[in-house]
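The following pair of complexes shares a single chain, chain A, combined with chain B in the former and chain C in the latter.
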Partner chain A sequence: MRTLSRRAVVAAAAFAAATGFALAQTTEDEVLKYRRMIAEDNPGELWEIRGEALFKQRRGPKNASLEQCDFGMGPGVVKGAYARLPRYFADADRVMDMETRLVHCMVALQGFAPKDAVKTKFGDLNRESDIEALATYIAAQSNHMPIDVRLEHAKEREAYKIGETLFYRRMSKMDFACATCHADQGKRIRLQDLYNATNKKEIDNVMRGWPAYRVSNSTVRTMQHRLFDCGWQMRLPNVEFGSEWTVALHTYLSHGANGAEINVPGMRR
Partner chain B sequence: MADPMKVRATLKGDTGEIRVLMNHPMETGQRKDGGGNIVPLHFIQNVEVKVNGRTVVEGQISQAVSRNPVFSFRVKGVKPGDKIEVSWLDNKGDTNRTETALV
Partner chain C sequence: MKTRNIALQGIGAVLLAACASAPEPVVTEETIQRVIRSSYSTLEYKYPPEVMARMNQDDGQKMCTAVRNEVAKIPRAQLDAFIARAQQEIKYPASGKLTGDWKQGERIAQSGFGMRFGEQTDDPKRPNGGNCYACHQVAPQELAFGTIGPSLLGYGKQRGASEAMQKFVYDKIYNAWIVSPCSNMPRFGHHGFLTPEQITHVVALLLDPGSPVNK
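Presenting the complex of A and B:
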């Protein structure tokens, strides 16, 4: 049985080597075709609609809407705000990305306890996430604008440096760095292509489309979730929502994609 | 009241293409929630498309259709400005209706 299966594998490998090029091309074409098809009716738009309603609705112990939330362009300005994030906020004395800032506003303006504000940070089939809906709406207000992370404040430059260091630093029991998967060309896990963050075109393509509707999750996911999930895959201790670890990496990646035109919600596997 | 749906109606030649993105959990009655309890059947039963008040599509669908379903219909003999109305009824009696103009 064992020899047989090994022989089968060898035969299959030889076949793949002979037809590899043609096979890879048609598979990729098919995947692209599928992506185009589903992108035309991105269910993420439903999150955007729900997010807009949530944004304007009076909620929380203080019965306030999020319309006065300052995303860095002044209170109440959401248009173009996402393109400039992450950035330094003096009132919190730290660098924040959009999701972190959103939670900050839910606490400061709406009076939610920090614990309650992030209770539905990631949605599932049983419970929709307010944060995922709100994040989609806010990010979509920067659609068609270029990502423009400026690193003007010392803390922003510090976050960038930390992010860059973390990106290349091998961590946890698997001894994985982000760079282990995301710094070489043409790597993949099964059929899933891994983007190369050191390639400008590839990082642009990734960063312009978050938050993204993830087909395998049946929900919109934020960059905070992506980083949390990468952390889990690297077997890091639980990565906290809005932690400095996530914001530093987000700063590094967003800055790397400066100039990329935002197109939210994106569509991912 | 159900969450909004999104309708896009565009004219291509003499054929109108109506694309609908519906917001619905479409529970199959097979799935269990976090507590191990079966999530009851909850799905869209009837879909209806009207052009200027005249029914052009009337369909029954089942729990076999996925969550947040997308439908696309082609209708002949329509012109810009025609009123497109889409509605559905689910097995719990909940309904949703939206209308848009053909462009």
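Presenting the complex of A and C:
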């Protein structure tokens, strides 16, 4: 997966080198061209279709579907639920994002062991991820609705604060915080534009489109994967799926994008 | 109907008041440590203690996080002590020579390899890379460069390659926060991410008159 993305970067650079324009200009033009090229069709819709089938299928030791899962709007209500997440769930006494809640339901309703429920949390070329498909379907049921994370419960407000603290916390072997790459305007890592989480327009544009089909990964990725991957690059130990750490950051970022119209699956490099 | 509206407004006002008076949650280091313990609980992964320790901040990371990298807010004495300690801690190569081979430096500047752990683990026997191009323009031939740091094109051409300059660049790569506290740049030597010898190669990439950076 990583080799693929590297190849794309090199290809874009090689193409840029072949043209005779001023360097910076050319590089950015080629990146834009590449973006336009990949934006025309979104294979992520296939994940959404597969997710819907999985959602309605009876599965797991309890041979149950996920149709009675309560994503915060009551059992069985999926429409608009994603727009309000992450939020506090009394039955688990914690804040959960959509992916975390999904795993919760796979355990509670379908009877999967927690370990088995997250077995295919991230897909690769050899193994599809049920969670990536299910997450795409669930999120898409909030399409065209504004993100609306309310922070009404004390634990939601705490999660937000923890997320903000983690966002600025410098750690590990590279001295990075999330903010090192995501709190400045108009920066790039290699040829990849970095979004600025402190800029309303930019955080809106990013958060409205997750889960997203990632071209370099050839699969849909969830925000849980995005956070995990950033941590890996920061040389942190791999954070666990649905952990308090990830949900806190997700709460911070989603609340920052309140009002943004959801449009999933998004499409990212 | 009207009564009901008034009643609802009343409830709304109470709710608003409740929200306004709700105490802002305070997130202490203790809270963060609790989050770390629960989020890296080894349910899914097992890590050596060195890797788990990366979650904890060292003095410099604590200092910079506390002011969100606004150096002006750090008490002068604390900052001076930090810089003095960092300077003392620098290890120089046994040869004493601070500039090496720019060609090896270029390879180090290109590579983002090293110290990643988990789903994909980097082989510790392979050398780490500095990944300079992720953030800086360096040699003009490489167009896939980032812009988090300044362009280093022509770095040595503008500044020369004197011994003082070599030491300055070596120290900066070893511990960027001596020169520019709390900057985005990783402290490569401080964390043992690059070896002293590797750093001399990157110094050569930036300063050697034969390096493409200075052509």
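Remarks
Keep in mind that, in the parts below, the second predicted complex is superposed on the first by the 230 of 269 C-alpha atoms of A that agree within 3 Å, B and C clash if a C-alpha of one lies under 4 Å from a C-alpha of the other, contacts with A are read in each partner's own complex, and residues count from 1 in each chain.
Keep in mind that, in the parts below, a contact is a pair of C-beta atoms (placed from the backbone, for glycine too) under 8 Å apart; a residue touches a chain by one contact, two chains touch by 3 or more.
This is a predicted model, so every value here is computed, not measured.
Taken together in the superposed arrangement on chain A, chain B and chain C fit without clashing. Of the two partner chains placed by the overlay, only chain B lies in contact with A:126; chain C stays clear of it. More chain A residues lie in contact with C than with the other chain of the pair chain B and chain C. When the two structures are aligned on the shared chain, A:116 is found in touch with neither chain B nor chain C. Of the two partner chains placed by the overlay, neither chain B nor chain C lies in contact with A:70. Contact with chain B, but none with chain C, is seen for A:49 once the two complexes are overlaid on the shared chain. Using the contact criterion defined above for the overlaid structures, shared-chain residue A:218 touches chain B, although it does not reach chain C. Look at A:148: by the touch rule set out above, it reaches neither chain B nor chain C.
Between chain B and chain C in the chain A overlay, the least Cα distance found is 12 Å. Of all residues in chain C, only 22, 24-27, 31-32, 35-36, 38-41, 43-45, 47, 51-52, 54-57, 60-61, 64-65, 68-69, 115-120, 133-135, 140, 142-148, 184-187, 191-193 touch chain A in the complex they form. Across the interface of their complex, chain C is touched by residues 2, 9-10, 12-13, 16-17, 23, 26-27, 114-115, 118, 122, 154, 157-158, 161-162, 164-166, 168-177, 179-181, 184, 186-192, 194, 228, 232-233, 235-241, 243-246, 248 of chain A.
Residue ranges on chain B touching chain A, taken from their complex, read 3-4, 6, 19, 21, 23, 25, 31, 33-34, 39, 67-68, 70.
Residue ranges of chain A in contact with chain B, taken from their complex: 40-41, 43, 45-46, 49-50, 125-126, 218.
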